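Input: a single structure, listed below in structure tokens.
Chains: A, B and C, in written order; residue numbering restarts at 1 for each.
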């Protein structure tokens, strides 16, 4: 019995389901454009086998392990590596069993759909995961991982990925990207300029980071002008390794447009470590506007991922570090927040700013009205918790009527779980086709238009938005 | 091939669709009650032909042109008139071509449904609008506009409008309404008292406006009492021209109930131009309560349209002026905001206050609980960005369970696009019938009840709410 | 003609409806677990007949009478008892007629479903309630209420209630629970520890209440330590009368984790009546953390019901008192609010904290991410205004994808309307089965999994969450 229902995510009513299936069949084999994510470029540079099923599917994926933790499995049980460098000591087979015997926790979640898609489509398994089948699963996957067909580059090709963007710190030496280029392999893997560590005064080690930025670029980062020049130099370096975008993970979407004098003064406070929380936020906001100005020159698309209250539990942060499932969304304002930036560059031709949110209430109230007016704005796809059937449905239902399809930026998988990439794109494609079929069936779109839109949502909009 | 699907907006499942169609057929030909909108009374006073397709469908309609602007068409390309009085100089045929070749931007939006409804039902066109058909469209529409059947009064009659409310500033001389009355034409067009310009201390020219209010009424507007009397005089004047309601477009829904002494003091600050932003908001809030008190005497229904952050882009405001598509909704509170007013007049018999919002999160959390408790409160229909199939669906789904149907005020088209009136009412009627059919099909309402509710939502509730 | 459609609340598409019906049939006869509510234990202690239909269905139920009030029926017309002890003087038959002739106001609301379920299933009536049938209804119900089969205990048994939790003030003597125990009747009715009156410095009579707490326990409540000990004593007393949970109705979800010194200082301010509003909120927040610490020892589940702006209309409060339908939800934050408590006890094994909200925007943004990470957190079912088909649908759609089913706590009826208990559980069971059927039909859950989840949602999760 296959794990996957071939009609999954399509509408239940027959005619609408047939419409959805027709649309889906027209785009299901299009190449994957993955313009934003967190895969490790080292995988493709070294092309070594993935170590084992637990380290492929559980240990690095906070979607998976936080759910287990939420029902009492401990981080230790799951061999989550500690901040002090201590590796987990639990046998990976035991970690896998923890996932298997608690797999019911994922019922109704996209994580279970992504995992089952990988199990069936990538590893050819056709029984459900449970305590009983845990070891069968482990051995089947582990054995396949050892074969050449399951090396990172082979999977990349099998997944039909046309381009994959990774995300690197502004201080990264991009050596894995260099190694990929040098290898002669023709998989297209590009980097993205993520300068949080040198833009956010509240980031761990900010002042040292800025100093390192100066060393890397030879610019005098003690001055505001030198600091900005250093960014331009690094952006150019990232562009040489394929970057077509920058990305900014900020607590708020606040932007600023300070006078040069005020910006200089703020920078000197910030770089000396004396900025208050308000000044830190103001500086991040000023830097979004500066980054937009740099985009006018170098053409990088600017992505804003705002609103995560990261590291909610102090104990988890101190023992296990960042990105451990304890990042919680919060209310986020975009209307006043983006006004300084938009008043400055909102009408600049060619500028592309992609907005992401973890506050779904802003879709209809703020983001769609903004994107439906300002030429520079595009809406990114549903992010993180909302990259799911219902999440995508709510996104389409609450944005399309105000800003249409053509102010959106296609799909991002935004994942560090490589094997979930085809699954995530498949969920997005099916969910979009379901939505389009419903528009056709209710007379809100003609069928020929729906086919065009399905193609655009799957392929064209992402390529255009990211200049790929 | 017709542009419009005869089953549009009905549920897809057969039995539910049949229920919806039956309900719709019972109300589709009821006259249109349009109790709130922004049509220009001059059209009906002068009864001149509409100039051309671009000036009918694009130039005055910020729904249409902001979407084009959002994807890079310029205001100039669209001949949007400038604030300095300069008219657009682009050939209207070119403006129309801009709409036509970008018409895919509107896919999935209510604007495309409204436009196609007008194209087919008003102008008899049965091909889709595109770059190829742009000139055919232009000529067809332009030719028809020249015929007597397409003059404003003829269209008003053809649209089966029983009553149309326009909205005029408190300082308006209502000359077009007088001219309509004097003409002997029996179309019922009434005005609405909109005093923002003399109530909002942050309105352009506020102090001069107040002074003009004094001149118009002969009241001494240097005193609080005289100022309030001047409003009573103007309300009476508006009533003589058919007004049954006042309307208030405020940044927040804040209300106040100051002592006479405090109100006098606040007024003297406000009228001398010395009020802070907080005081300005307090004054607007006090005036909502004062207007409610006047309603107790003169019976005007009080409408509150709160929450638009108007003129978000300073450059668009300075060059093109207000109402140019750059008004963005924001979070709006009603619970604390309305408390002063409701504590004062919330139980007054006969008082009717209709609440509108651009913050859909307030439907279930604030507005339905308030309207489901206070006798004076009614909920207006989904406003602006939410006057659409999904918007209406969300409104019904999130309000009905708490305040039922009978604490709502029927439909408003709220439009300045005359030809869209039948289309907008048709969307509302179909959307409501779809919702009712779904209630019947899921055993939440009996069929005979649904027929009654369909009639009430289409016709009776609006007439009752606005005393029409 | 029966009032109730046997397929009510099931999906309309045939196959999905069949799936839902199958799921429902597997759980419809499971016993009712009612772990949180406001029934009066006196009913079961004395087992006297309910006085009449009006006092059974209208007078005590703010869901019913606030809707009538919202359309102009007065509190007086409905014999709502006054705060000064004056009983209503309107003939209960007239009160009933007010309900009957205005019953259309409830169309589309859960109240109409609950009432019709009671009318048909409990009282065997099969005609619709209206002005015409009002007296027939009154006489039929009144006559039945006089028979032994309609006494409270008989109904309790007929309703197949396995356990019913009531909610009592920390100062309650629990005499009705004692009387139930002493009577030898084997219906399981347990109390819940609700200490708002002695925890909330803004509660009416707070200082006297605290003093009474001292008297009841013999602890020295002039000291912080004595006050905490007094709570422990009372919690133990409540446990002896069956309590497995405490419950906290707070304006916000704020928590605190003060040092002992700061907590002592705050307590001395609070108990002397000198606390500011901010300090009062801080104290309530500190007490949530203290209650969680006590739960670590005594095992009571901690419930937080946050966000109601109670007693919105001052006049209603002063004349009619609390709980009269004028409690309005407001925006509520959980992310920062719960952080102090979660940082302290969030990972304590065995701790169970159940969160409720009146702000649905927090489901996907805050509550599901929190419950999907912290081991101690569970989500309570949709509360108050959202205990309905659409409310349950939104809850499942916005929480399941992030925290699954197993971070939720089953259903609560939370009612003071005894006869509505079977109706409310039936709505929840049907709504959940409809949701599950839709997951199966769209390939998001396998059918065998859905049957397991239906059982868990109906029965197991509530028993587990409340240690019943």
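Going forward, a contact is a pair of C-beta atoms (placed from the backbone, for glycine too) under 8 Å apart; a residue touches a chain by one contact, two chains touch by 3 or more.
Note that the structure is a prediction, hence the values are computed from the model and not measured.
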item	value
Magnitude of the superposing rotation for subunit A and subunit B (Cα, nearest 5°)	120
Same or different contact residues where subunit C meets its copy subunit B, judged by the half mark	different
For subunit B paired with subunit C, centre-to-centre distance based on mean C-alpha positions, whole Å	40
Residues of subunit B engaged with two or more neighbouring chains	13, 361
Sites on subunit A touched by subunit B in the complex	11, 13, 15-16, 333, 335-336, 339, 342-343, 346-347, 349, 361, 364-366, 368-375, 377, 397-398, 400-407, 438-439, 441-446, 449, 452-453
Contact footprint of subunit A on subunit B as seen in their complex	4-10, 12-13, 66-67, 69-72, 104-110, 113, 128, 309, 312-315, 325-331, 358-361, 385-386, 388-391
